[in-house]
């Protein structure tokens, strides 16, 4: 008994949308980052589901790569959020607006 | 390799001058500029070309080197002169030398940069008049903008920044339009054309024309391109209503830059019109003759009317240039030997005369620090020689016989009166009324500024101009009279190159 | 020259050299964490970049990528086609290496008194490695990895001035938008994978050609669109451009130059490669996703160049003006994709590639001048730059060259590439009249760009200084980099022949 | 004497050399260039006389010397056209050469007394101007084609401008100079169109020979060609009238006469040479030169005659109220040239040329006499401040009187003969042509006014009591003043002998030397003779009773009127304390004093109409045309400031905008691609 691939896609799309919603609404940098992670993982779900569907492993392997990269991204991101906090005493992403127009 | 030598001397001279100390820059630049002047005069005497450069003529001093292969199209270093371009080259080199000498007095800041830019502009101007590959030509055409922008911007008058940017952007937009149109034409010509060499394109145009592009028929495409290119060049010429950058640029530019601007830069536009529109599109010229003639007449009369309303001497000369360029357009559209030849002659003649006028106005400005005719009176009392030359120049502008302006205007009028397009005599007669208005505003200005009892609103001691201010003007005056008395010095050379245009290349 | 008696992986040498350099710098940093031996660090980095450049040039001259029928060595594939070294790859590797070298040399002076010297250089070189790999990446996997390899150090580099609020803010914005874009990009990859079952570019194309992807047209279309989003982020194109002005303004000026030149070029190379290899234009493709994807690029090109140039026109901050201008230039380069068609487009794509090379010199040079101004501490606005030419004529002359070149005025390199783009756009219009709109937009934007570029020239050369300044220093590294960039911007015009050949050959090869 | 002609170019070249010498070295020369000028004009005079003698011996000269340029003629004829400089010496031009060089020579001498002796500054400029003028005028006179004539016609205009404005430090002289040039330029505008039209029509501009435009026009009319959409006759009329524009301007005919009185701002010598004897004659001379062309067009001739007659009367009436001696002479000049136009217009070629010659002598005399008076009066020109100079300056008085008698047309002074011949010619044509009759009538009435203003001037100046200190103690004049006066005085008296036509006709003796001269009895270029012109003319002549009776009636009428005019002047002004009597003119006075508001309307045309129009054009240019250019720029920059506001600085907004942009693209492409 297998679940049809379309359900995985729906799941991933839902996850992606949730992530996107978070990105658009959350002002906390960490929440922003987490939302992005959700979006990345939505893609991972897709990759794995499609790999299964197509019957090759490419997608699964790539999903592993993507997770590693996501981790690296978070590392860099956290570093930046750290200096953000040091400079602005806040992790609200809408606070730094010295540069505009 | 003569043309390369001309350009190289000017370019290297520009670099050398740019690096030279300010105090010797003027003399150095003058000395350097004598080399291209001498070389070009030698070229003039040794000229052995015949026919039109674009229409299977024999080129003089030709050189042709492959440069870039852009897909199916090749771009090359292709230069050479014919009877149309050579006089303009000589005009450029001579006028540059004289402009440099006339700068010695007014330019007292950042001299080395100033003279470096002047030489740089010279190199590009020579390039414009000698290049026979479209891309090469366009490089020179556009490169002229930079030095002129800086010359106006750095050494200009109070509103120099506005004037410089207006000149820069306005003429650049026009160039882009023109470039786009011409490239479209080349694509429209299809496989017959494999390079940007103008003779090849001209041949293709005269033997079949474009096949069509963008869903347009070949003839429609040719018409669209013709109009777009005409508009592009019209800004440069300038033709009413695209002229408004000119007075600003002229008034704000330092005198030597005005000399080159009026003397040579404006000729780029008419030269290009002749080389492109009026050589490659005989059918369109015929089809649009009446509107073009109307534009020419409007330019003449409207430009002259505007000049009449001015009180700034430079503005007067600037607007009168608009008027004079209208004559050139009229001559071109006449499409007769005297018309087109006269238009070319007028390019040279107006270059000399307007150069002279700007120099004379500049000399007065150097002494009085004003150019408003309302601010001064009786300058003849203090600067008799300079004023004498100004008066001579003014009469030259009015087309006094035995000066080159008359020859040019007469050729144009004669050529246009008998032209084939409808109502040619009427258009010609209307345009000729310009000679009355030009007399009106110049004489009015002379009466106010240089005659009458001596008065000056500014606090300067007016004394006679130094010799190095006067000498260039004498040279110009001599040339003006020489061409007026003996127009055949260049006119036969010009008509030799013009004839193939009129016969559609079948000579 | 028989290059490839060597193992095939050595074809990636330009990228590998950069990677090695980066690792060497890391090692050095680990051994001596607080070293301020700037000469050694910058020298190593520059040496690596130049070596990479030399090797890439050697390869391209030796005939790597030139089709074997033309007597060349043909494309060389590495790691089972995950990377391909062809003319386009080498061409962009050259661009990346040049920009990196310039940046590194200039940073020698810019980083005086800076704490994290070694990290800085190793991050720069690491990012360059990523970009170099992007040039050669041939599957969506390697593309994504290389892209992240280029991006992650870039985020850090932008924010490297840790006590500078602008730098941190810039880093934050760059990072957040970057992360969002990566997510979208990755999602796009997953959709394409879903539709075709492959991540290898040529395999994707085969599947599409075979009609196996026909049931998934919508999926593929959405995926392609999301891929475009990822590329748009990397190339700073609308609508993913929002990070660019802020990041470029806040980042250290050499890094701004690096990102806007090299990173943008790298973004374009994957854009070119993905769309020419995986989704070749044709009836099949059009039928599959319902439209000709050049339409998307036509829209993006027009909007991008317009937004970039219009926003640049009234800026007061020089760096920000350059940032917006960089967006405008992304719009110009997009013409290279927008003008493609089923049976051609070498000219327009080649022109875009030429433009990116020239842009590597002139735009980097311009940002380096800003770096110089920051080094002098004269301020950031146009007014602050007033009259600098009196004190530093050579640097200002170089800057004028960059500005005019960016504006596309001869006799500078930017003229040719821009006008070839214009030409290419017109040629493409013959097949697709919508491209006429692009050409028209190019004209309008060119005029506007002339206005603001010449504004800077005006400030430098025409205006009088508002305040009296002390003598300005002449830092060797910065000056050298600027002068080299300027000289190259000028000399590239007479020497444009080889550039045209390389770019057009690469484009022809890419379009197959 | 054939060899004489090879020296013909020297006639013009001498003064040109004098111009160059005076301009460059005048400052350092004794007499500031006068010597060079005198030598040059003497040379020209001698050579001119030599030419005259050569023509008298039966030779003529028509030679192209220099090709200015050549090319393809467009328009009606497809062949090549050459524009050349050539010399045409025939009876007419030889005569004119002598007149011009003689007057120029005398004026140069007179200048020694008038300019040098009076300590003027800027004399090199003055003599250079005179030299250039003499050169141009002589070259104009023997020009063999219309274009060359036009070119030198313009150059004399330049010289006129420079010399009127000689005292440039005043306000009035530069203004007058400008006006003179402008008004004549207006005429020359038409002239130039005429030249261009003739060249374009016939492919030639030569005056004489088989390939002249006159011959071509004759052929065209004979062949019934259509030229530029008109039939040949009409086209000849149109082009002829266009050329006439230049003539009217230069010869100060209505309505272009307004510049001449103002031109009196120049030195009196200049007025004598340029604005009386020679340059103003250029217009009339040109009509005579191409008389064959006008003869083809009765309409053009009738217009010439009518304008001439009208101008003669019109100017004469204005002359009667002037107070300035030079002004009177200026209006009289206009009036006299009107007579010449009338003469030519009625086909009286000989009469016109005859009057041209006589007028040159007596008007030069009168101007030089006026100059002498001005010296005497310490540079006072108002006649009401003169009086009683008769005894103190007898040479001046008697020579002036001779000139006045000639001007008034009193028998037997030269002016009588020529004016009478003109009026006679007009009368006999007028008997069949009402338009000409009207012109004749006006010319006849003008005789009365001429007599009146001439003697009003003489009486006010020389008779009665001195009315100012200067008049009581006049400045003496030297030989340089007297010699020219005496020479011209003699000529004014005897020049009429050249053509005593009435006497000849009544007495039947053959003493019409000028007629024979112009008819080519001695030598002429074919087609340029009186009789050749006569054949072309379409006029019918009539007589009153018999020819003799007509002659007597005409002569008697004009004499009667001349005497009554002079007599009225004698009655009113030959009193010790004359008064103006202007109130007797009643309501007409203001009009006449204001010169019929001719100046006003022309000044209004320039200042009240053209200038505001140009200002309006300027405003239009600045606001509409330049405004739209700047408007585009402003709009772009406004757009710019709007576009950059998108960049709010808040990163969440960026994300939102990115998503929005992406979705917009998605929706657009979806709709475009038919996904939805």
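We just call them A, B, C and D in the order they show up, numbering each chain from 1.
Operating definition for what follows: a residue touches a chain if its C-beta (ideal position, glycine included) is under 8 Å from a C-beta of that chain, and two chains touch if they have at least 3 such contacts.
Just so we're clear, the structure is a prediction, and the values are computed from it rather than from any experiment.
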item: Relative to subunit A, chain with the most remote C-alpha centre; value: D
item: Result of counting contacting C-beta pairs for A-D and A-C, higher pair; value: A-C
item: Chain whose averaged C-alpha position falls nearest the assembly-wide average; value: B
item: Rounded Å distance between subunit A and subunit C, as computed from the means of their C-alpha atoms; value: 26
item: Between subunit A and subunit D, centroid-to-centroid distance (C-alpha), Å; value: 97
item: CA centroid of subunit B to CA centroid of subunit C, Å; value: 41
item: Distance between chain centroids, defined by C-alpha means - subunit C, subunit D (Å); value: 77
item: Residues within subunit B bordering two or more other chains; value: 169
item: Residue numbers of subunit C (touch at least two other chains); value: 172-173, 176, 180, 184, 245-246, 451
item: Multi-partner residues of subunit D (at least 2 other chains); value: 633, 644, 647, 649, 651, 655
item: Touching chain combinations (by label order); value: A-C, A-D, B-C, B-D, C-D
item: Partner subunit A, residues of subunit D touching it in the complex; value: 644-645, 647-652, 655-656, 659
item: Touch list for subunit B against partner subunit D, complex; value: 166, 169-170, 240-241, 243-245, 302, 305-310, 334, 336-339, 341, 378, 380-381, 395, 398, 400-402, 406-407, 410-411, 413-415, 417-420, 425, 428-429, 432-433, 435-437, 439-440, 443-444, 446-447, 450-454, 486-488, 491-492, 495
item: Subunit A - residues contacting subunit C, complex; value: 5, 9, 12, 16, 19, 23, 29, 32-33, 36, 39-40, 42-44, 46-47, 49-51, 53-54, 56, 58-59, 61-62, 65-66, 69, 72-73, 76-77, 79-81, 83-84, 86-88, 93, 96-100
item: Subunit D - residues contacting subunit B, complex; value: 67-76, 147, 150-152, 154-155, 158, 161, 165, 168-171, 173-175, 177-178, 181-182, 185-186, 188-189, 192-193, 196-197, 199-200, 228, 606, 610-611, 613-615, 617-618, 621, 625-626, 629, 633
item: Subunit C partner contacts - residues on subunit D that touch it in the complex; value: 633, 636-637, 639-641, 643-644, 646-647, 649, 651, 654-655, 657-658, 660-662, 664-666, 668-669, 672-675
